[in-house]
Amino acid sequence: MIFLARMDVTFPAHLTQEQITDFTAREKEYSGGLQRSGKMAGIWRIVGEYANHSIFDVESNDELHQILSGFPMYAYMKIKITPLAKHPNSIR
Amino acid sequence: MIFLARMDVTFPAHLTQEQITDFTAREKEYSGGLQRSGKMAGIWRIVGEYANHSIFDVESNDELHQILSGFPMYAYMKIKITPLAKHPNSIR
Amino acid sequence: MIFLARMDVTFPAHLTQEQITDFTAREKEYSGGLQRSGKMAGIWRIVGEYANHSIFDVESNDELHQILSGFPMYAYMKIKITPLAKHPNSIR
Amino acid sequence: MIFLARMDVTFPAHLTQEQITDFTAREKEYSGGLQRSGKMAGIWRIVGEYANHSIFDVESNDELHQILSGFPMYAYMKIKITPLAKHPNSIR
Amino acid sequence: MIFLARMDVTFPAHLTQEQITDFTAREKEYSGGLQRSGKMAGIWRIVGEYANHSIFDVESNDELHQILSGFPMYAYMKIKITPLAKHPNSIR
Amino acid sequence: MIFLARMDVTFPAHLTQEQITDFTAREKEYSGGLQRSGKMAGIWRIVGEYANHSIFDVESNDELHQILSGFPMYAYMKIKITPLAKHPNSIR
Amino acid sequence: MIFLARMDVTFPAHLTQEQITDFTAREKEYSGGLQRSGKMAGIWRIVGEYANHSIFDVESNDELHQILSGFPMYAYMKIKITPLAKHPNSIR
Amino acid sequence: MIFLARMDVTFPAHLTQEQITDFTAREKEYSGGLQRSGKMAGIWRIVGEYANHSIFDVESNDELHQILSGFPMYAYMKIKITPLAKHPNSIR
Amino acid sequence: MIFLARMDVTFPAHLTQEQITDFTAREKEYSGGLQRSGKMAGIWRIVGEYANHSIFDVESNDELHQILSGFPMYAYMKIKITPLAKHPNSIR
Amino acid sequence: MIFLARMDVTFPAHLTQEQITDFTAREKEYSGGLQRSGKMAGIWRIVGEYANHSIFDVESNDELHQILSGFPMYAYMKIKITPLAKHPNSIR
C-alpha cells in the first residue's frame, strides 16, 4: 500500500551542532534500514528546502505511523501524508 | 533528473461521454509509452480524487514541459511540479 | 484501517431536478450498502453545507478508492481523505 | 449532538521530558474518562502528525467547550471544531 | 445554544430577474419568521458583499441544519458555521 | 454602527501564571465596562479556542480602534474586524 | 471615517461588448460623482489586474454599503473592505 | 508613481519598553519627514491591528525600497507592496 | 525599473480553435515587439502550466499597466506583479 | 536550464550584529561568484522585504540544490523554486 510523504524539518534554536550531527547520523541509519527492508521505496530532497518527498510501501496506516514516529528527528518534522492507489494507466 | 508532479483533471461540461472515453484511451496509451521509455518512473491515483502523483526522470525542464504538454488531456489538467534532488540518505 | 473523508457535492447547472432526485436515491442506496457491510462506519452532515464527514474502515487504499469512485455522485464530489491510526488514548 | 474535532499539539521548548511524560499520562486518563462516559465517541491519531481527530457527543456547545478546556494539554492544543448533523443516508 | 453563521450568496447566471425578486421576497419572509421566533438572534449585511453574518439560538446541530437548509436561497448559499459558548466575561 | 470582531489571544512563554491571572481579571473588568456602556453588544467564546467573537456598537472607526487597543491583553491579541451594515431582512 | 476598498471585476461570459461599454460609461459617471462629493477620496488601478484600490470617506458603515451597492457593476464585483483609523504618525 | 503598502509590526520579546518607546518616537519622526516631503501621501491605522496602510508617491522601485528599509522599525516589519496606476475613472 | 510578472492564461469554453490560434499569433507578435524594444527583458514558460514568468523593464507603473493591458489575451489572463529593486549583491 | 527562485531570509534572535555583518559579507562574495560563473543569471531585491527573486542557469536539479545549500545564510532562508522552460514567444 503506497503513501506519498512530505517531511519538513525545523530544528529548534537550542540544539547544538553536535546534537544536529548526531541526529543526522541516526536519521541516515534509520532511513537506510527502511529502504533496505522495502518499507521506504524512495526518498528525494526537495530542491532548496530542508525537506523531502518519500514513498512508503506498508501494510497499514498503523504501520506507517509507527515507522514515521520512529524517525530520530520525528519531533522536529512536519509530515503530510497522501494515500495513493493503483493508477489505471500504470504499467507495473 | 527527477521531478514530482501532481496532475488534477477537470473535464468541461460540454464534453460528451464518447469524447471522454476517447481522451481516456489516448491518455492511457501516451502514459504507457512514457513509462516504457523510462521517462515516467511511476504514476499513482490520489485516493478519492481525479488526480495523480507521478515521477518523471528527464534530461531538462524543457523536455519535461514537452512531455507534459503532450498529454492528450493537457488542456484539462492543472499540473504542479516539484523539482527533486538526490537525498543524502538515499541508498540508491 | 480507518480513514476520515470529507465530501463536498456540487451539481452542475445543467442537471434537472429529476436527475438530482435520481442521483440522491441511488446515493442513499449505495451509502446504505456500505454501512451495512461495515465499510462505512459513520456518516454525518456538516451543518449548513452540502457536504459530509464520513469514516471508512477498509483493507487498503485501493479498496477505499474503489468504494469512493463507485458513489453515484462521484463525478460531482470533491473528496479529501485523512488516514488515521490507532490513538494511544483510545480505549477501544 | 455530534462534533468532529481536530486537535494539534505543540509543546513549548521549555517543557522537560518529565513534564511531557506527566502531561501524557494525565491526558490518557482524562481521555479515557471521556470515552467511558460516552462523551468522546472515538479518537484516532492522524498518521504522521502529533494530532488527532475525535468525535464528541455532547448536550451543548457549552458542555463541549468545558470538556475541551479541561484537557491537561489544552494550553498547548490548537483545536478546530466542526458541528455535525444527522445525515439522511445514515442508517443508524 | 449560539452559533455564528456567515452566508455568501451567488446566483447562477441562468436565473431571471423575476426569479431573483421572488427568491428575495421569500427569503425576507423566512428570515423574518426566524427572527420573530427567536431562532435567529440577529442578521447584518457584510459591507460591500452579498453576504451576511447572523447569530442563531437553537436547541441542537440538527435544528440548526434544518433551519439553514430551509432558506429559499439555500442552494445558492455557501455557509460557514462557528459554534459559540458562553464567555466568562459576558455579563448577560 | 456595528462591527464583528474575532480576537485570538496568545500569551508569550515568559508570562508567569500570576501575570496571566492579573491580565484575566483586568480584561474581565474592562470587558464588563464596555458591555454596561453598550459599546460591546455581545461576546462569546469560540468553542475549543482561546478566542472570542464579539459585536461592537460604536460611533466611528477611531472609537473602535481606541476601545480595542485599550484591552489589557491587546498586545497579545490578533484581532480581525468585519464592518456590518443593516440587513434588509432584519426586523429590528 | 476612512475605509480602504479593493474591488475586483469579473464580467460573466454572456455580456455583449455593448453591454460592457455601457456599464463602463455608467461606472465612470457614478465614480466621478462620488469623487466630486468627496465620498471617494481616491481610486487607483492595480497594475495588471481588472481591479482597483479606492479610499472612501463616509459617515457610517450603512452609507458605505449603500454607496458600494450603487455601483453599476456591483453585481460583477468582489469587494473587500478594511476599516481604517487615524494613525498616530499622520501629520494631517 | 503610486504604491499601496501594508505594514505589520511585530516586536521580538526581548525588546524592553524603553527600546519600544524609542523606536516609536524615531518612527514618528521618520514618518513625519516622509509626509512633509510628499513621499508618503497618507498613512492610516488598520482598526484593531498593529499595522498600517500607507500610500507612497515615489520616482522608482529603488527609491521606494530605500525609503521602506529606512524605517527605524524596518527589521520588525512585514511589508506588502501593491503597485498602482492611474485609474480611468479618477478625476484627479 | 524592474518588475516580475506571473501571467496565467485561461480561455473561456466558447472560444473556437481558430480564435485561439489567432490570439496565439497576435500574442507572439506583441510579445516579440516588447522584447525587441527592451521593455520585456525575458519570458519563460512555467513547466507544466499555461503560464509564464516574465521580467519587465519600464519607466513607471502606468507604463507597465499600459503594456500589460495591451496583450491580446489580456482579458483571459490573471496577472500578478512583484516590484523589484536593485539587490546589493548584484554585480550588474 | 532555468529556475526562478524566491528566497526569504529570517535571522534568529540570538545572532549578534557582528555575526549578521559577517554573514552578509560572505553572502555577497558567494553571490558574486555565482554571477561571474553565469550560474546565477540575475538577482533582485523584492521591494519592502528581506527577500530576493533570482534566476539560476544550471545543469541539473542536483547542481541547483548544491548551489542553494552552499549559501552562507542557507540555514536562515526559506526558498521556493519554480522550474522554467523556453517560452514559444521568447526571441532569445
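Per-chain numbering from 1; labels A, B, C, D, E, F, G, H, I and J assigned in written order.
Everything that follows uses one rule, which is that a contact is a pair of C-beta atoms (placed from the backbone, for glycine too) under 8 Å apart; a residue touches a chain by one contact, two chains touch by 3 or more.
These figures come from a predicted structure and were not determined experimentally.
Shared contacts of chain B and chain H, meaning chains that touch the two of them, come down to I, J. Fitting chain E to chain I on CA positions gives a rotation angle of 145°, reported to the nearest 5. Taking shared numbers over all numbers used, the chain D to chain E interface scores over half, which places it in the same class.
When the interfaces I-J and B-C are ranked by C-beta pairs in contact, the top one is I-J. The distance from the centre of chain A to the centre of chain C, each centre being the mean of the chain's C-alpha atoms, comes to 29 Å. Between the CA-based centres of chain A and chain F the separation comes to 43 Å, rounded to the whole angstrom.
In this assembly, the C-alpha centroid of chain E lies 50 Å from the C-alpha centroid of chain J. Residue positions of chain E touching 2 or more other chains, listed in rising order: 2-3, 45, 47, 61, 64-65, 81, 83-86. Under the contact rule defined at the top, the touching pairs of chains are A-B, A-C, A-D, A-J, B-C, B-I, B-J, C-D, C-E, D-E, D-F, E-F, E-G, F-G, F-H, G-H, G-I, H-I, H-J, I-J.
Residue ranges of chain D in contact with chain F, taken from their complex: 3, 5, 12, 14, 61, 64-65, 68-69, 78-81. Every residue of chain B that touches chain A in the complex is listed here, in rising order: 2, 4, 27-28, 31-32, 35-36, 42-47, 52-53, 55, 82-92. On the chain H side of its complex with chain F, the touching residues are 13, 45, 47-49. Those residues of chain C that touch chain A in the complex are listed here as 1-3, 60-62, 64-66, 81, 83-86.
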